[in-house]
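Two complexes come next, and they have one chain in common, subunit A, joined by subunit B in the first and subunit C in the second.
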Partner chain A sequence: MKTLSKVLSALLSAVMLISLSGCWNYSEIDDMNIVAGVAIDKNKKENNLQLTVEMVDTQEGMQQSQASFKMISLSGNTIFDIARNMISLTGKKLLWSHAKVIILSEEVAREGLIKVIDWYSRDTETRADVFLFVSSEKNAHEVLNLNSETKTIISYELAQMMNDETFTSTAPVVQIWDFIDKLESSGDNAIAPLIYMYEKNGQKNEHVNGTAVFVRDRMVGKLNGDETKYALFAKNKIKGGVLEVENAKGTPTYSLEILSSRTKVKPKWVDGRLEMQIHTVTHTGLDEAMSAEGFAGEETIQAIAERAGESLQQNILSVIRKMQREYHADIFGFGEIVHEEMPRTWRKLKDKWPEEFTGLDVKVRSEIIIQSTAKSSRTIKLGD
Partner chain B sequence: MGKEIIPAGQSTSIVILFIIGSSLFMGASGQSGNSSWIALIIAMALAVPLILVYARLHVLFPGKDLYDMLISVFGAYFGRGLSCLYIWYTLHLGALVLRNFGEFSKTVALTSTPMIAPMLIIGLLCIWVVNAGMEVLGRSAKFLLLFTLAVIFVVQLLSVPKYEIHHLKPLLDSGWGPVFADAGGTVTFPFAEIVVFLGAFTVLPKKGSAARVLLRGVLVAGTIITGISVRNLLVLGPDIVSSLYFPSYVAVSRINVGDFLTRIEGSAAIVFVTALFIKVSLCLYVSCNGIAKVFKLKSYRSVVLQMGLIMVYLSDFIYMDIMQMQYFAYHIYKIYALPFQVFIPLTLWASAEVMAKRSSRKAEASQQ
Partner chain C sequence: MAKTEITENSDRSALKIDSSQPLSRSLDDTIALFRRIFSSDGTLRIRVIENAHDKRIRCGIIYVDGMIDRDLIQNGITKPIMTYEFTDEDGSNPAELMETIRTRVINICDIIASTKLDELIGAVVGGKTIFFLDGYAGALNINAQGWETRAIEEPSTDKAIRGPREGFNESLLTNLTLIRRRVQNSDLKFVFTDIGTRSKTQTCICYLESLASPDILKELQGRLARVEIDHLLDTGYLAELIRDEPYSPFEMIGSTERPDSVVSKIMEGRIALLIEGSPFALTLPYVFVENFQASEDYYINYSFATFNRLLRVIGAFMSISIPAVYVALVTYSQEMVPTLLLLSIATARLSVPFPTIVEAFLMLTIFEILREAGARIPNSIGQAVSIVGALVLGQAAVDARIVSAPMVIVVGLTGITTLLNPRLTGPLIIVRILLLLASFFFGIYGYFFGLLGLVIHLMSLRSFGVSYMLGVGSIRPQDIKDTAVRAPWWDMYLRPAVIGARNMRRKQPKRQAKR
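Let's look at the complex of A and B:
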């Protein structure tokens, strides 16, 4: 009896050892294709969607000093169907969890984004922290195709660009979950960065600059890089970047580097009308003075700061006006602020917020503080 | 075989892990959006009187568990009938919790592994620990609690940079109605589920204070759950939280410390498993204990394996899919659980008080 139980337990352990150790659905990395980025276009011929995928090539990557890539493209009716059918082109399953960017063509964006991004946020193979772009070129896959010129993995380059975007602030940084968050919340419209192809001296590069403006999930318009910067000011999303300042005669002379910025938006009732009061405080450093006039007369630091504040004030106001008049898109989240600060008012305004936003009174007050003048205490002096 | 007694610290650990068990996965139920944390606090306050009733039962019947109480108060037949109900409840609850874990692993962690595989592994582990006895369970709970608290605390700290305070505003957006509805639901799931612990009251020292163990457990667990739901709200916002099956998992996946510490949600999920392990084990123990009491077995150990396997199998076919699971957990369970958590214990308590009065009067009479 005792030996029997010993034999049985040994057998049982052997079975457990084989069946419990290791992984159930084990797959090697070289049996997978690592996806770096995705471009989604409209396929006009068949009136469906076209998915282009940039993949990291693992086989050659070991020998060469730079990573290599592969591209494939396929059309179909639903995104997931295409994603799976790609196996019939590559022979390997695609590994989506390392993808960094998703680029949508303008056409797709104008027709509504929900149908193309739902799979990406729902599926468990993908991660929701990929960067979202709208291609201003005709086709989104052209941007990915730039890799044959630049010899780099474009998707990872774009991701890096987004990480460094805080130094320029000419495009919003948007990840997919963030975008969906904006779609779901009322009183806030979504935005996404725009991507262009930039050609100079025969060398093509990708160029991220500007904003695509959405109403619900449809793209309705664009902002250029400068307008984006001022829109980000109104959204309190500025972390860095450069402000140009004119001298007293009106020529751009000074550059201020933004060190930190804070924006406060307050809704207020003024004479029976709702008014948004925006107050920005920006700490900057003077980093460039293209003149030899010294900081005297009309060009004292104080005067420069005041002039910068005034022009910032006007620029922010004009981009808000543009949103109100042209696109009727509350990308600044004013609705949400009203919701948070005045819940009772919001209940009344909620259903007609788009119209309400268009007629909203906005007051902007910008304050610029120049903290430093970098290494030099004065402008370059001209000797005689 | 002597009676197993475990110290108060260990039973408190069991209570804490038991209560946070499935809420760590599922989050608290929510129609109340960004005010769900208020609902949690109210629910915690509402649970306190119930818990005092449970604890009072221990004073009235020192050294007895739920089944002894039911049989001695309601008689051999009716008492056994009620005991059978509790056996079902604990078996079912254990299966539900296992299924939560199964769905979790199927949905986010091990997507191509059949759900039964991880559930069976955990189930076998629970069978093992229950077979080893409550002392082992108590000691492991105490150790696992420290580990769980440490992980939760670290994760909480790491998510601070992702907090967006404006998600909590405006306070009470949808008014008090949904908050109270949620509070009601949250009392039954997870707080008052601790009624299961009545079935293991024999492990408390006879003179020990059940009230202290239960209250401390519920308060600590409530604080943890509130902390976690506030974190989920702050990180994800009420709109996203309501669309997710496992909000905590997604909230943790947002953590990104300097592009270096990322994708830690898989490691954070380990605390779900530890808490769930305690919860399923306690359910299994209590249901086996019930069978032993109803059928007058010498020891509950002879049915642990069978009940455990039944529990695993039940959890496999109890729902068709995850949508059903969510519907049951948030809409049906709060009504289904009421008799087990409120009506039967209250009746038991009331009759026990009457009986105690009578017997003390009798004792007085005999003294005179």
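Let's look at the complex of A and C:
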């Protein structure tokens, strides 16, 4: 009898322990709307923010083989307020953990980003690994609205595009944690990829190309796709992409595929001035020769490599100069490098780094190694 | 229950039979006594025979019909007694005559002389024939047993594609010969005891004296002596009565239908236990990894055997984890599911009326119902069950959106992986349900706590003093040679530690043998 009552009381307490604590955080996925991407705009009429959310429509997906989408737009004063109020529009709670992209309008970006991305990085339901974009169009939601043209979930397309971005290197790949990290560091300026709408033959598509440059949390300017590539060279962020090379006469003839690239940046004191010495080594493969004449006869591979190196050197330098003169934004992280290599100097320079960066001497030396000529060792020869 | 006991006792006292009383000299008295003892037993046969030449020789034989070999009794007892020509040399008093009959007349090899009534009663019900001589207060206990047994067939559990096909049957003696034929060594011991206050079931402890641990043997004999039960029908009774950790769902004593499997366990220093009437032998001590060992593993190529074992281990793990992890991911940690998978689950779950956990319990229960239904029905309708279960129920339930398709996949996978380990079916079902509940209440967190609890429970188990998880988690190569992997035979020169500790060496390792 005694053991029975003991067992019973143990069972009872176990049952109470479990049932009274309830099902911690239990939620069914079919009771939630899965958010794919967000666009944040400025609502000029009421002078507050407008949040546009692209959601996956599972209801539609039941009939089709492909998941469909739903759009919701709402304005309000704080982002979290809008996000919660959306429940009254959708009827279901939003599931943020599968959102892949966040697109900000240029206007919002120019006014300062901290106030709009704080919720996103602070909230427990959202993830810090979403891709950040700045819309080059007037409004950010226009880009998301492209889904009615393409019939696909734009956000997931963009996420896929970012995963493959390393093959072109014309836009930086920035996730929100990375962006905030850059905002917080004093020797590094944040950047974000730019997104456009691209129209040709009546077919609209999204197009990621170029860089938005930030000083503190405000956007100050843009770089185009090519400039972005050279900026990424200076940042040691190049993993792939194509380098165009002109032939001796100055017409673009050769394409080099970047196989791997390594950039070393070293700060050095030269005649009492701080100088950044950049050295890039790029392994490439010659993947295209738009010429009927055999390149081996007319021009040695070495000559092509040298010419490519020279032009790369110049391009990198010109991007750095542009940053120094126009935007005063150290997007290359030179400050961080000085911090690491010369901690004592950094302590002196830290507070006036933006001015210091503008006047910095920079030397670039680029080395290009052509490892192979892909599948063929000769050009296509015309038969007689 | 108590009531019947009282009435039986009063019956016994009404007969006033004292089974320790001495036997009477008179044959007629003795026969009358046996008639009283077996009063309502229609199978008892009593026969009085006389010698054709010598009237002094008046004998009685008593046996139970159906348990004897009639030819043997006719040719070995009745015919010689009737026709033997007794001379003066054969003795004058009944004691001498009885000795003559035992040594010269009866033509059956196994005869024991006895004067105790209770022994003789036990012999009659055990299928022996007892022989009385008028004027002599004693009897011969003649073994002329003979009854129908099932032939030695291929065992239906523990099937092996390669390896011996013989399986135990219900006859204890046959089973022991199956073992003896594989170990022709006087070191192999068979110790008999009777268990069951009413059934007196013959039980045999079987071991190799030079290998089995005397401590474990003593412990086993002690436990058997303490068993209190009135009958034994299968070794399953015994396993439950003498096992350690009676509340654990895990088996603490192994059971097998294969003689080759019993022999291999005996050869590792384990002890086997067989009883009359059950084709399943018990082996002990039992450790967790034995659940994953099939006898075929030892007969086929070791790399393939290792692969199969790993499959079984992974299968067992999957079968307890899949429903729990699915519920935890879908209802708590949606962020951990790959986006595309989440989308397809969300689409499939739309308009399903039940919460995921109810769906899971519903489907798991249906699966268990189908399993149980399939286990006991005749083979001819087995197909119908699988068609109704799999096709009709499963397909229709998904089409009608009563359950979602991913849940059917989850339950199907769970079911298949359970089948990989027939020995673990019961424990796996219980652990699976507990883990499912844990992850229903606390998500992934609950699932991991449940797993932690399972590991703690397994680690705390002991079978006859041997740790249940012997060899699990060890990094010494010697300890894991016969666990989740099966080392080749030329490399297994030591017996498993602890169990085979008395005589570790199976054989000399190659290096030493060369010297």
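A few notes on this one:
The definition used in the following text is that the second predicted complex is superposed on the first by the 364 of 384 C-alpha atoms of A that agree within 3 Å, B and C clash if a C-alpha of one lies under 4 Å from a C-alpha of the other, contacts with A are read in each partner's own complex, and residues count from 1 in each chain.
Heads up, the rule we're going with is that a contact is a pair of C-beta atoms (placed from the backbone, for glycine too) under 8 Å apart; a residue touches a chain by one contact, two chains touch by 3 or more.
What you see is a predicted model; the values in this text were computed from it and never measured.
In the superposition on chain A, A:R127 contacts both subunit B and subunit C.
Applying the stated contact rule after C-alpha superposition, one finds that A:I18 touches subunit C and leaves subunit B untouched. In the superposition on chain A, contact is made by A:E341 with subunit B only, not with subunit C. By the touch criterion defined above, A:S185 reaches subunit B but does not reach subunit C. Legend: residue contacts after superposition of the two complexes on their common chain; A:E28 is shown touching subunit C, with no touch to subunit B.
Judged by the touch definition given at the top, the superposed model places A:K100 against subunit C, while subunit B stays out of reach. Judged by the touch definition given at the top, the superposed model places A:V56 against subunit C, while subunit B stays out of reach. In the superposition on chain A, A:N47 makes contact with neither subunit B nor subunit C. Once the two complexes are laid over each other on the shared chain, residue contacts for A:Y156 go to subunit C alone; subunit B is not touched. Overlap of the subunit B and subunit C contact sets on subunit A: residues 24-25, 127.
Here subunit A touches subunit C in the complex through residues 18, 21, 23-30, 32, 34, 56, 58-59, 61-62, 67, 95, 97-98, 100, 127, 156, going by the rule given at the top. Residues of subunit C touching subunit A in their complex: 330-332, 334-335, 339, 342-343, 345-347, 349-350, 352, 355-356, 440-443. Remark: subunit B residues 107-108, 110-113, 117, 121, 166, 169-170, 173, 236-237, 239-240, 243, 250, 253-254, 256, 259 touch subunit A in the complex.
Every residue of subunit A that touches subunit B in the complex is listed here, in rising order: 20, 24-25, 124-125, 127-129, 163, 177, 180-181, 184-185, 336, 339-341, 343, 346.
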